[in-house]
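Consider the two complexes below, in which chain A is the common component and chain B and chain C are the respective partners.
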Partner chain A sequence: MLPDVSSLPLLFSLRLPYQLRWEYVLDHKEWFIDGLLLALWMSLIALVCGSVIGLVCAFARSSGNRILSVAVTCYVEFIRNVPLLLLVFIFYFGLPQAFPRRSDERELILTLLPTPERTFTVALSIYAGAYLTEIFGAGILSVSRRYLDAGRSLGLSRLSLARFVVGPIMLRTVLPSLSNTFISLFKDTGVAFFIGSRDLSFAANKVNTDFFRPIEGWVAAGVLYLLTAWIIAFALRFAEGRIKWSV
Partner chain B sequence: MSEERDARLTSRRGLMRTGAVVSGAVGAGFATRNVRAADSINDSALKRVMDRGKVIVGTGATNPPWHFEDDSGKLVGMDIDMAKELAIGIFGIEEDPLAADDEHVRGLIEFVIQEPNARIPNLLTDKVDVVIQFMTVTVNRATQVEFTIPYYREAVTFLLPPDAPYSTIAEMQGQGLTIAVLQNVGVEPAMLAVVADATIEQYPSIADAIAAMDAGRADAAAIDLSSGKWFASTTPGKYKFTDGYNAQTYSASVKPGDQIWLNLVNTCFHEAMVGINHKRFRASFKQWFGDDLALPTVGYPVEFQ
Partner chain C sequence: MSVVWDNRELLWEGLKYTFKLFAVVVVLGTVTGIVFGVGLLYGSRPIRALIRAYVDIVRGMPLIVTIFLLFYGLSAYEINFSPFQSIALALSIFAAAHMAEIVRGSMSAIPSGQTDAAKALGLTFWPRIRSVLLPQAAPLMMGPWTNLAVDMFKSTSLAILVSQADFLFSIQKRATSKGHYLAFYLAATVVYFVCCFAISRAGALASRRMRPGVAS
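The block that comes next holds the complex of A and B.
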């Protein structure tokens, strides 16, 4: 039996103690669109930069050099055991204050990290780098010994072995984990709002502070986070499915 | 393959069914909640507070001299003192020596620490009985909550580094400054109306706005004049502040539709400010703002002078 549709207007307009007013979101949809694009952009940059950091660190750790291995372990353990927000605050508020006002060092930091967006992207890249080090490390370990032996028997140097044998095989193995990391980084961008970045969370909070409409603002942001994460997940899963594995 | 697909579809259907149940429950919750005005004591927050033996006060913890933690981690400040006045009034100990017992009075209050942007939502969802958190009265906000009588007249000032080459709002014009400010209703046009060529950076808390200035990411932080005075007096040499502008009213707020509760909060505040409990209010005012209040006059009511 179909529900009584005639009662819906009553449900949504008269009986609710909190009347939903979506026009506050729709009239300012550019806040949400700009915030979403900024979040995607920051997470994409962080994924790329984090992947470079992760690759370098993973190979450094597996190189057999004890100093490099300890250094990478310290980096990974430190980053993985502090909240992202703390890292962002250290980069945004803490780093410049480590040096006196108007000193060259402080001016350099403020020149390199002038905006909340760039500071957050750098912090997120370093944060992602630690997780990606572990992911790439696991990928390297998963490369079968017979491929390494085959490469060595051909006379490949360590660098060539990493570039032509371990790298391609490992990348295929870790691709699904990279997808998950990207989605995770995209959701992490909500933290950027705490240092004044005008991302999706900023838009939601602005609807709250400007019009006292917390539910509409945060529901809209939540739906956008959810839909975008789903679309990214489906797209990347489709891409993974198109690649024929032959490891 | 087919089994796997079926399992996935079943799982999706299950998810949708769960979603529908949750949505229905939320919808039902919205639809059946009591939205009548509290026209008898039994419907009023006052009854809830008396039955509970505690008043739940929404406030902050990071904004001196209004609400912040002292060296021992105890919440102090003008808002906290107003909450104590309220508890003293509600639980009828205003003429009892217990009113001077800080521990006893605090035992009658449950403080809920909240960000400024949670002030209205927490009231509307009954998470707190009253918000006492340096809340500026605006007509727009009054469409969402009900304000008590005011307990302070505030102004906005710009907190500046001590070596800033400007000290007044007039001198800040034309400098291309970056101003850090609490994300708030209409804050950007309000700031630009005062310093037209400024860049406005919005932060979720005043502490973050000040931290941004400390880190050199902003040239000034827009804060309350009372807070500016507090920082300048408690951290000599670290800050200076400009002249104040844009006077505004601070009041507590309650959920709309509960006149009995609103009346009681108003009475507590009124008697603290100009009535029988004036002595404690004067002491608080002196402690947090450094100002000596004149004694209320005798005879003709002060409200009509």
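The block that comes next holds the complex of A and C.
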């Protein structure tokens, strides 16, 4: 997995006090691979759920209903001005505490969010939803009036106008931002190990806590994060170029 | 809520730490970011490649990787940094990479006629950057820079990883020991929200003030 990195210790181990020993990482490759897959999986789910939230909120805000648009603005501003870590803490430690011990609501929360992974994914989805609301909102604004007028003159209802006219046109302008969001969500999964989720950072932290090998673990995690982010970016840019758009 | 108020001194200590960290990171990150951004645009080929590698690597990794690598890396090689210094350095490295991109983007948006005119006036490189290009790029930078500042303020919460002193840490510590998670988290949310919102409003105000100065 990391052949190029494992040649580094010879450079450093000559006179520096800390000896790099990569076998601790290489012997526990599965921690890193599982962690990477989990991080990808959590960010993918968060992207999908966040897109649903974002789409609904963006259309709600552009609907012209005052109460709806104020509610959406509050949600977006709240999420954008609070650290993700605090949000994760609220969901993981705070939410079950909101209800008294042994109450039905508390049991319900604990069955809905049984693991740190699930809790983090939910928090990340809600976090992503706020950012995606802004992205989809900008996409809706970018749809030219002419298409709306044409749709209205065909007698489309507001819902089918959104579904058949604004949606497809908007999607093209929004797609590059979606792939950027996916990459930044993937990087955001790094804070999941705070609550004990077994993602890539967890693997790095485990190499540190079990063997006192902080550098090797975090370098390995960093390289994996970097390569994955680059591969995703490259693949998505390639895919965007391949899609033939027709209007 | 009264349990939060009773612990206000401790939380205030944490908040002061966070403010101090934020101030250091914004200043260090912005200044080095501007230098790197200029290097990215006008540097010689090896300098450009070096800065490009730095920017792409730092921006491609989660911030916590940078924080941990720096925190353990410095101590493993017997460089004595306090937790505050190492987290401030890690966040500044991160901010500088983003700032470099912002500077590069906004300065390359200035029409090349400006550079030609400055050259015709006999300005050398740094005066040209300082008194012709940067002032015109500043209004363009203001929006992304404000976003970066808000981002950095939120990122100071990651200091919880290595230091035992920042605001989120003091919240978490009190919340755990008193068992009133929600009250403390609510207080933390309000504080973070007010600070971040104030930063972004101030940035928006400043950028509106700067608008009339743009040459086209």
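Convention: the second predicted complex is superposed on the first by the 231 of 247 C-alpha atoms of A that agree within 3 Å, B and C clash if a C-alpha of one lies under 4 Å from a C-alpha of the other, contacts with A are read in each partner's own complex, and residues count from 1 in each chain.
To be clear about the criterion, a contact is a pair of C-beta atoms (placed from the backbone, for glycine too) under 8 Å apart; a residue touches a chain by one contact, two chains touch by 3 or more.
Predicted, not measured: the structure shown is a model, and the values here were computed from it.
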Taking the superposition as given, does A:101 touch the first partner, chain B, the second, chain C, both, or neither?
first
Going by the contact rule set out at the top, does A:81 touch chain B (first), chain C (second), both, or neither?
second
Please work out whether A:214 is in contact with chain B alone, chain C alone, both, or neither, and reply first, second, both or neither.
both
After superposition on the shared chain, which partner residues are touched by A:110: those of chain B (first), chain C (second), both, or neither?
first
Looking at A:230, would you say it contacts chain B, chain C, both, or neither? Reply first, second, both or neither.
second
Considering only touches as defined above, state whether A:93 meets chain B (first), chain C (second), both or neither.
both
First, second, both or neither for A:222, with chain B first and chain C second:
second
Check whether A:165 is in contact with chain B, with chain C, with both or with neither, and answer first, second, both or neither.
neither
For A:187 in the superposed arrangement: first (chain B), second (chain C), both or neither?
second
Common ground on chain A, meaning residues reached by chain C in one complex and by chain B in the other
16-18, 93-94, 97, 208, 214
In the complex of these two chains, what residues of chain A are touching chain C?
16-18, 77-78, 80-86, 89-90, 93-94, 97-98, 187-191, 201, 204, 208, 214-215, 218-219, 221-222, 225-226, 229-230
Residues of chain C touching chain A in their complex?
57, 60-66, 68-69, 72-73, 76-78, 150, 154-155, 157-158, 160, 168, 172, 175, 179-182, 185, 188-189, 192-193, 196-197, 200
Which residues of chain B touch chain A in the complex?
27, 30-31, 33, 35, 116-117, 120-121, 124, 140-141, 144, 161, 163, 180, 183-186, 201-204, 208, 211-212, 214-217
Chain B-touching residues of chain A, taken from the complex the two chains share:
11, 15-18, 92-97, 101-102, 106, 110, 116, 193-196, 202, 205-206, 208-212, 214
